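Consider the two complexes below, in which subunit A is the common component and subunit B and subunit C are the respective partners.
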Partner chain A sequence: MMLVRTLGARLAPLLACLGLLGIWQAAALVLNTDSFPPAMEAIRAIPSILGDKESLINILASLRRMAVGFSLAVAVSIPLGLMMGRSRAVASFFNPLLMVTYPVPKAALMPIIMLWLGVGEIAKILVIFLGVSLPVIYHSFQGAKAVEEKMLWSGAAMGLSAAQRMIRIVLPAALPEILTGCRTGLVLALITMVTSEMIARQSGAGNILFNALDMGQYDTVYAMIIIIGAMGIGLDAMFEKLRSRLVRWSEPGFEIPLSFA
Partner chain B sequence: MIEIDRVSQVFRTSGRQDHLALSEISLTIEDGAFVSILGPSGCGKSTLLYIVGGFVNPTQGVAKMKGKAIAGPGPDRGPVFQEFALFPWKSVLGNVMYGPRQQGMKHAEAEAQSRRLIEMVGLKGFEHFYPKELSGGMKQRVALARTLAYHPAVLLMDEPFGALDAHTRTRLQNDLLNIWERDRKTVLFVTHSVDEAVFLSDKVVVMTRSPGRIKAIVDINLPRPRRRAELLLDPRYQKYVVDIERMIDDTSEDGLRP
Partner chain C sequence: MNARAVTSDVLLGIVPIALLVALWQAIASFGYAPATLLPPPGLVFMRLAQQLLTGTFQQEIGATLFRLFAGFSIAVILGVTVGLAAAASPAVNAVVRPIVRVLAPLPKVALYPALLLLLGFGHESKITLVAADALFPILLSTYYGASMVEQKLIWSAMAAGTPRRQILFKVVLPAAVPSILTGCRIGLVISCIVVFLAEMITSTDGLGHLLVTAARTFQAVDMFVPLITISLLGLILNGLLQGLRSYLLRGFPEV
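Take a look at the complex of A and B:
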């Protein structure tokens, strides 16, 4: 009974994917239009994309940009968010700035950024950086604000300086919240990566996708969507594994994991 | 010795006028004494403790420790809070070791000492549990061990048993007394329970309702070591409790009249 249940829990995401592909396949066969190929055709196109050296270099270039943009954003946003959470002055300085930039789609800034920085790496990394920053700053801010005053007092009584309290109490205490922000940021990094490559077409996974669309190669378009989706799922699952390992101390006893990990 | 000299505390409240929490408090606490500060809620008794801890600066007056004005928190004054304030990302052992490690004690030595303390507060076998896995009473035991671990000269206890059920509370009071009677640290203990204050203390400072003033200082002349069962039957204990309760009633009445 236990075995059946755990097996069921393990297979559930897989079954969901297969179900989705089944619906896709059936719908495509019924509709029968060029722009909506059956699932099997799209899946069949995947090996040829991944086997092609040029495409592979493009996809890896995308991933590298994403990694650089994400890392830089996290490195800047966590300290900023934590300082905002603990200092009213810092918070009231940066808050209006964030409120203004929050609802702006970061990809919409792409034309301006391209105007300044060209269509190369730096422009795309900057867009990813902007996309990732806001959720990470916001969650770090909330996490730091919620740290119990008495916990900091306890640290102060042990002789921790203000800087030590920030790094050794506020940071770990806010870590669950920070990592929630990072997880959202990771998915946003993927989204801004693809959209930036759609606007500044030069290389990358987004470039392959939209070039194929222009040329009417619909099986490649859908295959790329699957590949990008799989990258998202894979990255998110990896991150979720890392996250739950880092903050096991804060997890409630039972939970339905909201991921494929 | 702790000297509190004409300390007043004013809090800025949003919108309404400033709130006077403490008014001209003067109090001397001898080394090795167990002193309780007793009063109705909102009388500023915790604020007084925070001032001695150096967590709050008094608006007026000065608090001194060993003749020197208190300028901030320090390891000579160890707080134990009602909210426990444990580090949730650290195990029981990690929490207790935190202070000694911060003071530069070697890892092995800090661990050995912390294990002894954990055993002393009755949590042997729970060294590797995380705070979220412990009950309230156990958390407060960890908090006490964590504070004792860095050897503060003064324990500052802020309604430490206020969030616990009656049974757990009694057990922790007994255990605290046993531990205290061994090394007789100075203890400043904030509570709103008259029984608790009389049972534990050498001296009970009774405060008035807001603004907090000292209404009376009662010396508790009951023999030590104190045993709960004997004490509850002792007419002297009963008289202290009744007398102090009457004082508290007088001070809280004004707040209840329509």
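Take a look at the complex of A and C:
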């Protein structure tokens, strides 16, 4: 019984993928227009994109930029967020600035940053950095704020210095919340990557996608959508694995369904 | 928290913004950056004030706001309904959960070309994109909020004779409201970002389109104006949502 259930849980996302592709295929066959090829055709176009050396290098370069921007953002944002959570002065110093900058689409800064830094790597990494840092700061802030005072007092009573308390008490206690922020950041990094490449139109996965759209190569468009989507799902799954290993202690061991129906 | 502490907090919060503007002014006025790259803040804010009074600029804001609200409302209605259904019924849960796991981490902007081809270049494709992006945070927080409802509350309601189908609306939904509103807040920020991006990619009106046309003609001042406008819009909408939150949650211990 247990085995069947875990097997079912493993297979369910796969079934969902197949189901969605099936719906796509059926809808395309019913609509039957040029601009909406069936799923099979788009899937058939994938090997030719990934087999092409230039586009493969492009896609890998996109991933590298994303990785660099994401790690830099996480490295800066977590300490800042934790400090904001523990010190009221730091929080009220940075909070309004974050509120003002949060709704600004970071990829929309791309044209301005391009004016300053050119269309190179730095501009794109900077945009990804900006996009990822805000959710991570925000969630680290919320996580650090919710740490129980009692634990900090006991830590202080046992002779931990302020810095030690930060690393050994606040960081682990806020970790589940921080990782939620990182997960949002990961999705935002992908979005920012695609759009910044779409705006800069020089290289990368976003560039291939929108160039194909402009040139009317519809099967390439849909194949790139599948590739970028698969990147998102793959990265999310990897992150989820890491997350469940790091913060298994904070999750209930079983789920209780609501019973009233 | 007394009034004095609040004022000092506000004052402290203004400092970095003021510093940023001062730095901007300094870079511009000491000639480190030519005005074509970084126009002085005074010029940008003057231009913003001037633009806000013109009819065409108001129309652009209107177009952006219309798409934002349409997409966001669809996301709220769908997200709350599906989230509640998934929390209440194991059958719905079994179907919805894997689909959400697949669709939630998908970068929706990548779907935009497909939406363009299917729905055309008008409002529909942009509204769909906004709705698709705002949907998942709202759906997930509704689901978590509703499944965290204390069983005691449901039992008490049942013991008090509430019909089973009303429990969903009288107990589960109100108890999940704080979580739903948190999801809405994230969804709102995402809607602001996405509507702007969609307008930047292809559009004939809206704030994003203003930015792109300014960028093509290297009008640095006009590039800053739509960015500041969307930031202000985000702040105002967030404030409205916060107001709604404190109104809806007036009985809750902690807001």
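Definition applied: the second predicted complex is superposed on the first by the 251 of 261 C-alpha atoms of A that agree within 3 Å, B and C clash if a C-alpha of one lies under 4 Å from a C-alpha of the other, contacts with A are read in each partner's own complex, and residues count from 1 in each chain.
Assume a contact is a pair of C-beta atoms (placed from the backbone, for glycine too) under 8 Å apart; a residue touches a chain by one contact, two chains touch by 3 or more.
The model shown is predicted, which means the values in this text are computed figures rather than measured ones.
Engineer: Who does A:112 touch here: subunit B (first), subunit C (second), both, or neither?
Structural biologist: In the superposed model, A:112 contacts subunit C only, not subunit B.
Engineer: Of the two partner chains, subunit B (first) and subunit C (second), which one does A:36 touch, if any: first, second, both, or neither?
Structural biologist: In the superposed model, A:36 contacts subunit C only, not subunit B.
Engineer: Looking at the overlay, what does A:191 touch: subunit B (first), subunit C (second), both, or neither?
Structural biologist: Once the two structures are laid over each other on A, A:191 reaches subunit C alone.
Engineer: For A:15, using the defined touch cut-off, is the partner it touches subunit B, subunit C, both, or neither? Pick first, second, both or neither.
Structural biologist: second
Engineer: Once the structures are superposed on A, label A:103 by its partner contacts, choosing first (subunit B), second (subunit C), both or neither.
Structural biologist: second
Engineer: A:73 in the overlay: touching subunit B, subunit C, both, or neither? Say first, second, both or neither.
Structural biologist: neither
Engineer: Using the touch definition from the top, say if A:158 reaches subunit B (first), subunit C (second), both or neither.
Structural biologist: After superposing on A, A:158 lies in contact with subunit B but is clear of subunit C.
Engineer: Hey, is it subunit B or subunit C that touches more of subunit A?
Structural biologist: C
Engineer: What residues of subunit B sit close enough to touch subunit A in their complex?
Structural biologist: Of all residues in subunit B, those touching subunit A are 53-55, 72-75, 77-79, 81, 83, 85-90, 98-99, 102-103, 130-132, 146-147, 150, 152.
Engineer: Which bits of subunit C are touching subunit A when the two form their complex?
Structural biologist: 8-10, 12-17, 20, 33, 37-38, 87-90, 93-94, 97-99, 101-111, 113-114, 116-118, 146-147, 149, 151, 154, 158, 164, 167-168, 172, 186, 189, 192-194, 196-197, 200-201, 208, 211-212, 215, 218, 220, 223-224, 226-227, 230-231, 233-235, 237-238
Engineer: With touch defined as at the start, can you tell me which subunit A residues reach subunit C in the complex?
Structural biologist: Touching subunit C: residues 12-13, 15-17, 19-20, 35-36, 88-89, 92-97, 99-109, 111-112, 115-116, 184, 186-187, 190-191, 194-195, 198-199, 209-210, 212-213, 218, 221-222, 224-225, 228-229, 231-233, 235-236, 255-261 of subunit A.
Engineer: Going by the contact rule set out above, which residues of subunit A touch subunit B in the complex?
Structural biologist: 148, 150-151, 153-154, 156-160, 169, 172-173, 175, 247, 249-250
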